[in-house]
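Common to both upcoming complexes is subunit A, partnered first by subunit B, then by subunit C.
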Partner chain A sequence: MRLLPFLLLFYTLGCWALHESDVGVVDWHKELIGVPSFASQSTAPRFTSVDGRNLILTATGNNVLAAIEEKDGSIAWRYIFDAEDRIIGFYQNGDENAVVVTLSGPGGATVRSIDVKTGEVVLEHHLHSNSEGLLVEPHQLGKDVAFDKSAQDIYSISNGHTVTRLSATTGEPVWSWASQDQTSLTVFDRLVSTPETVYAIGVSTSFASLTLHVASLSASTGQLIQSSEIHSSIHDPSTDLFTFTSAASPAVVWLEQGLVKYLPLTPDLKKKKPNTLSGEQFTSIIDVGLSSHGVLVGLNKLGSTVLKVDDDGSNLKAARALGGQDATDSFAGHAVNGSPHLARTYWSTKLEQITLELGGTDSLETTTQLPLSTEKHGKIAHFTVGVSPSGETTVFTTTTTGSIQLYKGSELQWVREEALATTTHVEFIELPERVATEGDLQRDESFAHRIGRQIVQAQDFPRYLVNFGKRFVTGSYASATSSAAASSTDGPLSRDTFGFRQIIVSATTSGVVFGIDSSNGNVIWKRSLEAVESAGVAITPIKMWTLKTVSDGVEPEIVIVAQRRTENDDSTVVYHINALNGDDLSREAPSPGVLESVSVFQGLALEAFLLDHHGKFVVLLDEAMKVHLYPNNQASRTIFSTILDKLSFPLRSRFSRQQNIKGYQISSSSDGPAQATAYPTWTLPLPQGEEIQTVLPPASRGPIASLGKVLGNRTTLYKYLNPRLFTALTVNPHRNLCGVYLVDSAKGTVVYHAEIPANHGTCDVKAALVENWLVYHYYESEFVETGNVKGTKGYRLVTVELFEGNGVDEKIQSSDMSAFVNATADLSAYEESFVFPHALSALAPTTTKFGITAKDLIVATKNGKIQSFPRRLLNPRRPHRKPTSEEAEEGLFQYDPVVYDDPKRVISHNYQVSNVQKIVTAPALLESTSLVFAFGLDMFLTRVAPSNTFDVLTILITRPMVQSKRLRERWYL
Partner chain B sequence: MMLSLLTVVVGAAAHVYAAQFNIYHRVVQSTSSSVPFVQRGTLNLVGSNANLESVSTLSEDLAQLTQNLKSEDVGGALYQVALQHPQDFSGTEWAVSSVKLCHLSSSTAQTLHLYLSEEEKPYAINYFLSPVDHSGSCPRQVSKPEADRISQLNTTILLRRPSSPPSPELRTPPPLTPEGQVVQPVPEKSFFQKYWYYIAIFFVAIMLTSPPPEEGQQGGDRKQA
Partner chain C sequence: MYVAPTLWFTDCILTSVPLTSRDVPIGTYILSVITHDHTFDQLRVDVLDSESSPVEVRPYIAGTPLDPPSTVLLPYPITLSAKDKFSYFSPPESFNILGMLTNPMVMMMVVGGIMMFTMPYLMENLDPGALEELKGQQSRVAGVQSAFASGDIKSGVSAIMSAGEPSKDSSESLSNARTPQKTSKGSKRAKR
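Coming up: the complex of A and B.
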């Protein structure tokens, strides 16, 4: 009996590791890149070719530069920039150059040269430190890159005033020139290079508008040749200013009050009067990637026109008309054998398809239909066209729903759903059981019908027979480590034996909702929110809940609360969706296309929460603190009126001097729940200078298996299980401190408040609260001496357990105690701190069906790993000496200050799970097993069994012990 | 002014901080509009000692606050206590805590939690009445609190300060020589090195205590010789 704790410890800490045979069976990993950024030519997708491989290069909204294989859409490589190193653009000296140059960071701080073939960084140079970078909006203003055509050297503008020539071989600066006016009055925004001269083109702030400013520099020395102010009036340089980078005839083009101005550039900048394109006025000009060929596209109410520079480079003229102008039109350019070609896509109402027109600058050549499902993928937001020497067109599209697709001619080659990289909310939805065939049985069934039904059923008999024989001979039943993916003959969507197959509903900021199969990561359904159809509308999901589950006897339903922002107003809307197929449930006869929202009220929601009391419904509060219900029916109103006086919730607010958290209750109204409003009941101001970073909502309260912890001496520590506790994370830059608060939302009682050192005035604390266990992670930037031992900088993991009263056997029944009882503040906190080996981007405890299984801590490290740490390791009551027999019986072992970086705790195998923002855990039908889903840029799902799979035959029986032993030994060789 | 009971709390402060803060109170109903606060007393904070001096008109003030309250509304009304912000007189930035007004009628004690910043200045409060039923529900017979009751409550003031999590208890580093090298521990002696004298004594003792050769045996030898 005394050996039992040691055995448990051995199994818990020693045996857990992911077996190679389980990789890809119990887990899956989806590498994503994000939705391409196409607002600027410097980040928009473009074709390139290296060593016979055709790739698509693109920068994305997730701060990634990626190369996608044209043949199958797989990721050839991706370079993930740090959050503070935002990508400004990527540049290539010719479409088939072996390197791509990137400019990134505040003010264009860093230049990198990346090998197009492998994605490896060839050279990197910091033009200035991040702290010296000027922050401007749009962030691409004042930064550009150009190339020296012969030496391949790199010219860059950073901070809007410094031009640097970097050697292509060493990455070191050859020369650097900074304008004398380094104030914000003149910002150089574009670079044009010729073999002898480099032109820095920008705008100067003048009295009424922005004026064009050009400086010519010697390409070899960087000396200023001439600096000139051009008489002009530019409204917005990011949209109205263009450069022709042709070495033979560099020029600058801009739009000035509807007129197109054209100015050829010479080193002495003698010509100061621009030519004006006569005849037509334009509302905007777009760069379609042909500026090196002297081609732009002008748009006005009448349509679109090709603008092309003369052969001698002296003037700009209007070439052919591209066609009618519609909001859904999109343009792209491509050079075929050095000849510029233009493409336009538009929605053909006649054919009800997307049509692609391709031609030269003077005539239309081909028309192709693209079989894009607009119902599923929305419209084309951007496309890039490539034409092979044989004349075959390749079109790479980015749709309004964040999907990227490749067409060869008119055939779709592949699709990638990159909107998944913008997921903000997920919900696990349990699937219904497989419908028994007998369900079709009808009492008054005719003989002929019965025979027919049985013939249909008989077609499954061979499969049943094979499976039966297999089970009988081999004894192989469903295993906790077998794949949960459905086979093609499984029929409608249904759960597997252990409930590992569920639907993950993912709400994204790209205006799309996905239903994902948790067994393999495949997208089952995808629905567009209305935002993608309406220009100027943005929908941001703020909350998502499961409204009904299969246990309610219906198909599972989810509800998404979102903010709908237009140019004129904001409103709070709700989407009500069938989780199995994405059908709209908010209307009797929903439209088959996009999901239509239900407008709840004008303005933004201050708070929204799900009430689960004899039925689930959503409570929303508008800016006037008025209560709104969804669904707003008689049943929800009745339930709400019975419990509204028991509801309370916290909100953060800011006054002129200090921030505070206010607690609210809901007042009953004689006019019914429709007129109910919330009113403040408590205010918790923070100390002077302290700011709230995050308010984490109360942890979803799963089943609690035990109310206390029985100690080795047969006494009990009762868990402090206040269900109203929420976590607030704060920062105090003046005192260089971070705060961690646990507060009772009904009374404002602070039950735990810890101050930890900030890292140069910033806090990146990750925290999770489940039951009575709070765990948080931060960076310790100060030396703290303990006795004779000097402290150390590094990451810390603090684990806190709250127990009732001041010691053992003190019981106050905190789980159902009113917040107004004085004893709610009567608790003791056991806490311990550990040195942690990694920076974390997310953490979450595991969740199981009945809460009996021990809870592991799942963390996502910033080096792309998902790791699991047993709770026993993080027990704050671990003794700082050899444990006594009573402590050992309890399972405690001696405290060690370091949580070792044990590779066996990595549950993500050798996947690089990048930029994880959140970890969500969900129970399976097996009590022992929890599903772990990490998302951010990538998506990763696996199963963990913190206490091993005690409720099925263990892996030790099914796997040879010798094999397991050898594997265990190899970890530590 | 009347002195309520003083209670103390937490250990000695590093320096003695003395200040006075105004405590206000009011009675609010969920349906009524905002009611102004009325001063309830002064909180004197000297180091780790705190006391609450109530205003002399406390009972009358409470009677005034509950004057317009109907008996059936007492169950839903809240009694709020606020700590005045030193630079704010409007009440928008004050720390506020609420209890149910119905509990005031049956309470015998009040507890004030005072949250202190690093400078020992209170920035928030939390107010409790006791005894209160475990469920927090109002008594069956709800009535307006007697005006005198509030001044008869035993007062406990608890000072709350933020804590810091314990630092990881690192192992003591090995001692270093002046040259920065780790001091090599003296190599442990072998068993023989440690106990050779015991062994030697043991053998000597054996030799000394070994019996002399028997006489008969010696004689026999001689005979043979």
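Coming up: the complex of A and C.
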């Protein structure tokens, strides 16, 4: 009977599983859409309304078409396009139409019609297959959509030469017309429709520049009525050519050497001489979304002017001047009850605020201030304005830091940080422990001061008392499934009991760095890099590391290595940030605005890595193979000079037209580490035609809890733990093969190599290496008659475990062995392949604090799920028969070729976590639990306990035990 | 050639999926429906170079060889219905006495515990002859067990062989060595 409590413990622990009550407590999910693409009118945000709901439609840089609720900024729906199906534009037949038509894919291959209310695809039609699409730059050239106003039919131009009319009801083509000249000489770029005629407007290549070419087609039959070349000279059709789509007077407007030309269109195309707007010259013309009302905005050195078509459609005239021209000005248009309104935003130096001016085409009506914090959010990059019939303005802005905001009048309604969808690098930062607030205790404080201090401190007493009482009565302590979010009274940032609350530092390609609270996904701090401030500068993060952690006794520090590209030159820069608040640590007196970079050298970095040897510092390698250090101080130089001859690293290089990998070492120089250079030592011998596709970084050296695996017969398989191993993925299009290599970076020894079939010449292999376990996923497109999983197509997961020697009890101490010992290649690989139920976009093993807990495989599937697969299931030593008792003792069970797709292990449960690019796992303070963070488009974080929460008693056990203890205490006290 | 399946979910009908006129080249395909919350059967779709029956649809089980194909032909156009809706959550564990008692381990222990207390009374109520016979049987079982447990298979086997013919001296030598309580434990071990 004494065993009963232990048995109870075993029974109630059960299997680790997700409960419905944990949703939103242990995990969070942030749906994102990406930064709106506003470069073209056809993808820029615009207001729409359906059934009384006001929505904002936008296409984004993450290839998403989204509808955002105007009232609260939530996502009404979003349509995520495949990577190869790039969105070209979305088009609506009037602001309140129930469907939005999208054109996407190479050459404008696909037309879809999407219900604005629900986001469901109503129609889909493929104009041509993806392989027939012509690739042009810019990718929007030669594609357009127009509508038949009465029948709602869709006209499209694809590939710059084919005009198709699609039925709005069936999606089937009514007619299709392709220009005779299908070479690239004439590219049709715009469509204008009238009830009888469709005009395809394009440009033809001539000697010096491009000339305008117009074809008029019969709207009902698609017959060519007239095709005509118009004497003109256009520099760039994507910025200088405009069409007026109003039904009464379709017209073409273009900019020719500073002059605005205007040509009304008639079906017979008789008029070939354009009218020229006299008087003013313009440097550029912008379409503010009012082209259907015959309104454009012209810009020149003096300012901006409204250009408006006459009422009879015969001529274009300059109307109101909109005001001074500055680089930060932006313009938008909106029609109120059919009358066009124009808005301009600019930075008012007098008010130190962004000012919005709104008016009709002839006069300025209102001026409002937008309370946009430029220090935090940057400047307005684009805005869309909506004016209600009562005159209230709604402004939707996209800032240079990628945040989107909605203002009603001058009131900010909501903000969404969409730059998070461009995250490329992520680092988990442990928070410091909570400090007792005894800091201001002074020895010689006055009596009055002490009373005052104690009164202030007494404010916290009721909360303490309530918490104490609650804990005493209910026995509720922090559990592994309780929320880690800080309460509002917790004071400065501090960790929770089990270290689930950490800061996730995210570096994005939008030039913004975020600090995110891992307990709830809220942005704690946001810093913009230089790219946001000055146009023409692009900053791309390459690497990010934690330089100092809480255990170093200081506030945690982050260092970001980035490429800084301007029009003239490239340089490699470093940002050094305090991870708790985003403060700049690279300078004595940092500026409060944008983060300033530390330039390390001119040119791009070939490689950058973090050295952790008596203190951490960054080693960067420039194009001349010269070594640079950050921080470049005496301490790091001394440490570097002592270990530089032990360093070796692989680099991708291109020689003799083949991507390959070379191994490098660093030569010690008598002139000190500043003169150290890297020299090649080995080259990976790849077969003819095989190229390196990806090099995965060496497996991060987490703590290794055990060096071997004890088998059922009391023998041991020692793990092959070579710290220098890295994974290289190759592609060989000639032989239609993909390669997986595990290579020792010190001498280029191939430790493991597998060839897998490519899918029509392309390889999409996902791989992860941790300790001695390699796992990779690919698509098997041929049905081969060999192997364990023979004769079937589909996704495969291969797991490989490397052990020392040729069998059991052979020990070579690979983890501590020098790279130059021959025995490093003395290993055996156990491998097994499985039929995997899903296509994957990312995979990662879990990591825990001490590495004792089993490592599960976390995968992001292409249908929007994050799922965990237990390591036990993926053991390559699973027997192909009934396991013997020894094998059963070891936990092995019979091999089954199909990996069981257990919905209970879908850790993202009902959330649709879309387009995950990367999964990062991080340890918590609790050994049993690992934090899993997935990002790409959406962000998702949860906790997993692969071996159950063995180090925390579940609430079900603690509570009865505490209760019985309390009962006993009452009896005996 | 186009393949346009209609998908049926348990609770709603998704509009006939508009997969139109994607030019699917001749070949063998596996059709899997990728949804977030429902499971669907996989199908094997053969697009053939024939006018009369351009598409053949067969059921397919993941992980099985494609060759030879299933003899069952499914109608075309394809209509699929959801097999199941995923349930991602486990029901919350409650401290359930009844559930705990139905656990086989607990049941075995409870029965063992009851036997421990009632066995002496049962023994007392047995008549001496039957008791003697019972002891003899138990001792032989225990002998076989201990022989196997100590790895002495040969003597274990011989003990089984001799089980049919009771020998007087063995029952005598063992009768004073074992108590009823211990025997009950031994029998429990045999059950395991």
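Definition applied: the second predicted complex is superposed on the first by the 916 of 973 C-alpha atoms of A that agree within 3 Å, B and C clash if a C-alpha of one lies under 4 Å from a C-alpha of the other, contacts with A are read in each partner's own complex, and residues count from 1 in each chain.
By definition in this document, a residue touches a chain if its C-beta (ideal position, glycine included) is under 8 Å from a C-beta of that chain, and two chains touch if they have at least 3 such contacts.
None of the values given here were measured: they were computed from a predicted structure.
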Figure out whether A:792 sits in contact with subunit B (first) or subunit C (second), or with both, or with neither. both
Identify the partner contact of A:565: answer first if only subunit B is touched, second if only subunit C is, both if each is, neither if none is. neither
Identify the partner contact of A:835: answer first if only subunit B is touched, second if only subunit C is, both if each is, neither if none is. both
Of the partners subunit B and subunit C, which touch A:724 in the superposed model: first, second, both, neither? neither
Tell me the contact category for A:755 with respect to subunit B and subunit C: first, second, both or neither. first
Could you say whether A:652 touches subunit B, subunit C, both of them, or neither, answering first, second, both or neither? neither
If we overlay the two complexes on their shared chain A, which of subunit B and subunit C does A:909 touch? Say first, second, both or neither. second
Touching A:660, do we find subunit B (first), subunit C (second), both, or neither? first
A:897 in the overlay: touching subunit B, subunit C, both, or neither? Say first, second, both or neither. both
I'd like to check the shared interface: which positions of subunit A are touched by both subunit B and subunit C across the two complexes? 789-792, 835, 897-898
Which stretch or stretches of subunit B touch subunit A in the complex? 28, 30-31, 76, 78, 80, 82, 85, 87-88, 92-100, 103, 111, 113, 115, 117-118, 121, 123-124, 126, 128-130, 132-137, 160, 162-173
Touching subunit A in the complex, subunit C uses residues 15, 18-23, 28, 30, 34-37, 62-67, 86-95, 100, 103, 105-106, 109, 113
Within the complex, which stretch of subunit A touches subunit C? 1, 3-4, 7-8, 11-12, 14-15, 17-21, 120-126, 129, 171-172, 783, 789-794, 835, 837, 862-865, 897-898, 903-904, 906, 909-910, 912, 954, 956, 959-960
Would you tell me which residues of subunit A are touching subunit B in their complex? 645, 655, 657-658, 660, 665-669, 679-688, 735, 739, 747-750, 753-756, 784, 786, 788-792, 796, 798, 800, 813, 816-822, 825, 831-835, 880, 895, 897-898
